[in-house]
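Two complexes follow with subunit A in common, the first pairing it with subunit B and the second with subunit C.
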Partner chain A sequence: MEMEEFAAGDSWVHKLDPRVKILITLIFSIVVALNNHVSMVAISLILPVSLIICARLDFRPLLVRLGIVNGFILFLWLFLPFTTPGEIIYTLGPLTVQREGIHQALLITVKSNSIVLMAIAMLGTSTIFTLVHALSHLYVPDKLVHLFFFCFRYIHVIREEYFRLSNAMKIRGFRPRTNMHTYRSYSYLVGMLLVRSFDRSARILQAMKCRGFRSRFYILHHYEMKSHDYAVALSSAAFSAFILVFI
Partner chain B sequence: MIRLRNICFSYAGREILDNLDMDIEASDRIGLLGANGCGKTTLCHIIMGLLTPTSGIVEILGKPMVSESDFAQIRGKIGFMFQDSDDQLFCPTVIEDVAFGPLNLGQTPEEARKTVRRTLKTLRLDGFEDRITYKLSGGEKRLVSMATVLAMEPEFLILDEPTTGLDEKTTETLIDILKESDLGYMIISHDRQFVKKMADKLLQMKDGKVCPSDWNNMKM
Partner chain C sequence: MHISEGVLTAPELGIGAVFTVAGLALGLRRMDYEKLPEVAVLSSVFFVASLIHIPIGPSAAHLILNGLCGALLGWPAFLAIFVGLALQAVLFNFGGITTLGVNTVIMAFPAVAAGFLCRHFVKSSSSSVRYVFEFIAGAGAILLSGLLVALFIVLALGQSMEAAARLVIAAHIPVMIAEGVITVFVVEFIRKVRPEML
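Here is the complex of A and B:
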């Protein structure tokens, strides 16, 4: 999966101040997560959906993302309706379907989709690096910010390392089968990946030291709140407050 | 500028450097040649303080280098380019990567931006500011690595196999840039043409030692 597929674009949603994006996503998520009325949570969908429309995001990758989330939620639908004690609305042989369980499952489904859509609309439309900078502007501790950034940055390197190794195996005629040779080769692959990534991280630290790194990151871009940042921040906050009132 | 005395170093009992002595002046333009795996990269890492020798003295600008903080002081003065550019570049965009060194040296973001622009220009990399570093081609990565080193305005350069993976045109660019600058440097390379053009002084590494050499008795 492409990692920053929604970040390219030039709508006003993309250009919002990343600090605003992070804060309103956070507030919105908390408010939605706390709310226990299916109808109110359903209404909360208005905000992320309209933001996504404004950002003119591609629908296909969006559906793929939602598919992943709802794949997990599917499991809840397999269990919750049958196991939550409550009013029985349907009997299916030895199984009984309870109203309470249906309600719970529905609530979780709508909540998750609303929050995920909000995250895609707000966080997905910025590059990771912008978000990282914004986090340090929001006084998130340096260590956490660095951890977050390097995790993202080096997933790519490890992925490339993996392709390099697996290509090296393929060009010498390796085809996975169910035998000892396959298992051994795969364990070498994983082992090499670990060792190489470790070595690489050590070399990167060395390279950073050679360029005067002393455990402190300096930021090149500074942000400035513009009038439309304030407008969006205020209206989203008002919307969140509206949902909070009907908690 | 750099003085090494009786440097010994071994990896897991295998001796790589054996009582190595070396003197480098700030204005030297050195080519260092040696067989694969003879310890050239190891030597550079010892000069930069990334590896600690088992014995011997590293002296830079007349001061013995003992602790990490001694080395931290001089790393802005000696620019070191790694053999593998993927180790050197770690920021998402070129501008941020090149600005990393200058910001560490205390430049303000505005000054750093200017430095980046100037450095990219000298390397014929105008317009690369917002390119994504890990999506650059091998040769472009190499030049950007070079930019990250030059942006710190070092007094001396150590380049570990700078021409590996560069096409002729880019190699020419690199030659021009180094010739135009009045920096001293030490280049490690297998590219004999390149070394011939670049170096006034030839050194050869053999059996864990460095000795002066010239083209006549080079039989590589």
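Here is the complex of A and C:
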């Protein structure tokens, strides 16, 4: 699975201060999530869509992302229009389609896409390390920031290890099926990953101690708000406030 | 198990956020810097494990292993799960930012509860007692998570979603059994290979 697929790029959206990105995404997402007017939520799409256009993101992976998100929404469309009590607008054999149900399903669909597009436009266009670094500037507890750093750093290492182990299984003719042998083999694979990672974490701790780790992450790079950061922050906040007024 | 963006309303999102902040605070207090690399690297393992698909009959499911996570880490499992979900939300748009609190509650509280159970009984010398409780920890964590998903969906969308909620739980029954079996195998494997991890 591809990670950070939208992070490469040199548009002004990519270069925005990550603290601004995190804050405006949070504000926008909450305002949209709490809104109950389909039309207002539809208007909210303007911000993420224009940001994505400015960021010149690849269209194909974007559609794949949206497809996955809307898969779950589709599940709701199978239920909501038929089960939500309200005014009946259509009868389909034993099923009745209610106006309220359609309205609710539509609201959820637009909301979900708007928030996800905003997350892709803002958080997707930064690397995880940049975002985590920004979190440490936003007063997120130090230990939690460390956890994000280490976890993301070692996901890549452990994925490699997983591929190595699963290749070794394939070479020996392992074919996954629904039986005890498959489950036991996968369990030992996971168990082996856990044991190796546990040992690895002990080595990491020793290495950190050897280098005089004093429970602090020294941040060498400091962000500086430039005029266009302020401009984007203010206009996005104003836009979110506009949506909030019509909540 | 993720609830996507846009489905829940203010009360559920608020409840999720409050409980998650409380759980994180507790987890952070229980984890000192000595333990940090272990929690971090094991949360990477659980992140990678969630990309593994196991066959269940004609279909397949990805591993969740939140019960196992709780068994290995205790309260800090809350942190590991939160970090994993946050990364999934940003990297793949699974779950979401506004629903991060709710999704953490859904996955992490069952993990910690199952963990307590498993850590207590794993010391038993009778292998059948161990197998039973390891299975309950693995399967029970999924059951609890499924029930919480159903609860949040019904709270947000009303009584009329009961049918859908039942379907969510029913769909999780095969996953529960698979996760229970795998949890037994993994815990027994670790017990043999690296008992100090438990």
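Keep in mind that, in the parts below, the second predicted complex is superposed on the first by the 235 of 247 C-alpha atoms of A that agree within 3 Å, B and C clash if a C-alpha of one lies under 4 Å from a C-alpha of the other, contacts with A are read in each partner's own complex, and residues count from 1 in each chain.
As a working rule, a residue touches a chain if its C-beta (ideal position, glycine included) is under 8 Å from a C-beta of that chain, and two chains touch if they have at least 3 such contacts.
Quantities reported herein were computed from a predicted structural model and do not represent experimental measurements.
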item	value
Which superposed partner A:Phe148 touches (first subunit B, second subunit C, both, neither)	second
Partner chain in contact with A:His222 - subunit B first, subunit C second, else both or neither	first
Touching partner for A:Gly9 - first (subunit B), second (subunit C), both, neither	neither
Partner chain in contact with A:Ile115 - subunit B first, subunit C second, else both or neither	second
Between subunit B and subunit C, more extensive residue contact with subunit A	C
Partner chain in contact with A:Met208 - subunit B first, subunit C second, else both or neither	both
Doubly contacted residues of subunit A, that is, touched by subunit B and again by subunit C	128, 153, 157, 200, 204, 208, 213
In the complex, subunit C residues that touch subunit A	2, 4-10, 13, 24, 28, 31, 33-34, 36-45, 47-49, 51-52, 54-57, 63, 65, 68, 72, 79-80, 83-84, 86-87, 89-94, 96-98, 157-158, 160-161, 163-164, 178, 181-182, 184-186, 189-190, 193-194, 197
Residue numbers on subunit A that touch subunit B, as the complex places them	127-129, 153, 156-157, 160, 200, 203-204, 206-214, 216, 218-222
In the complex, subunit A residues that touch subunit C	1, 3-4, 25-26, 29-30, 32-34, 65, 68-69, 72-73, 75-76, 78-80, 83-85, 101, 104, 107-116, 119-120, 123-124, 128, 131, 141, 143-144, 146-155, 157-159, 162, 176-178, 180, 182-184, 186-195, 197-202, 204-205, 208, 213, 215
Complex contact set, residues of subunit B against subunit A	45, 48, 50, 72, 75-76, 79-80, 82, 84, 86-88, 90-93, 95-96, 99-101, 103-105, 109, 112-113, 134, 148-149, 152
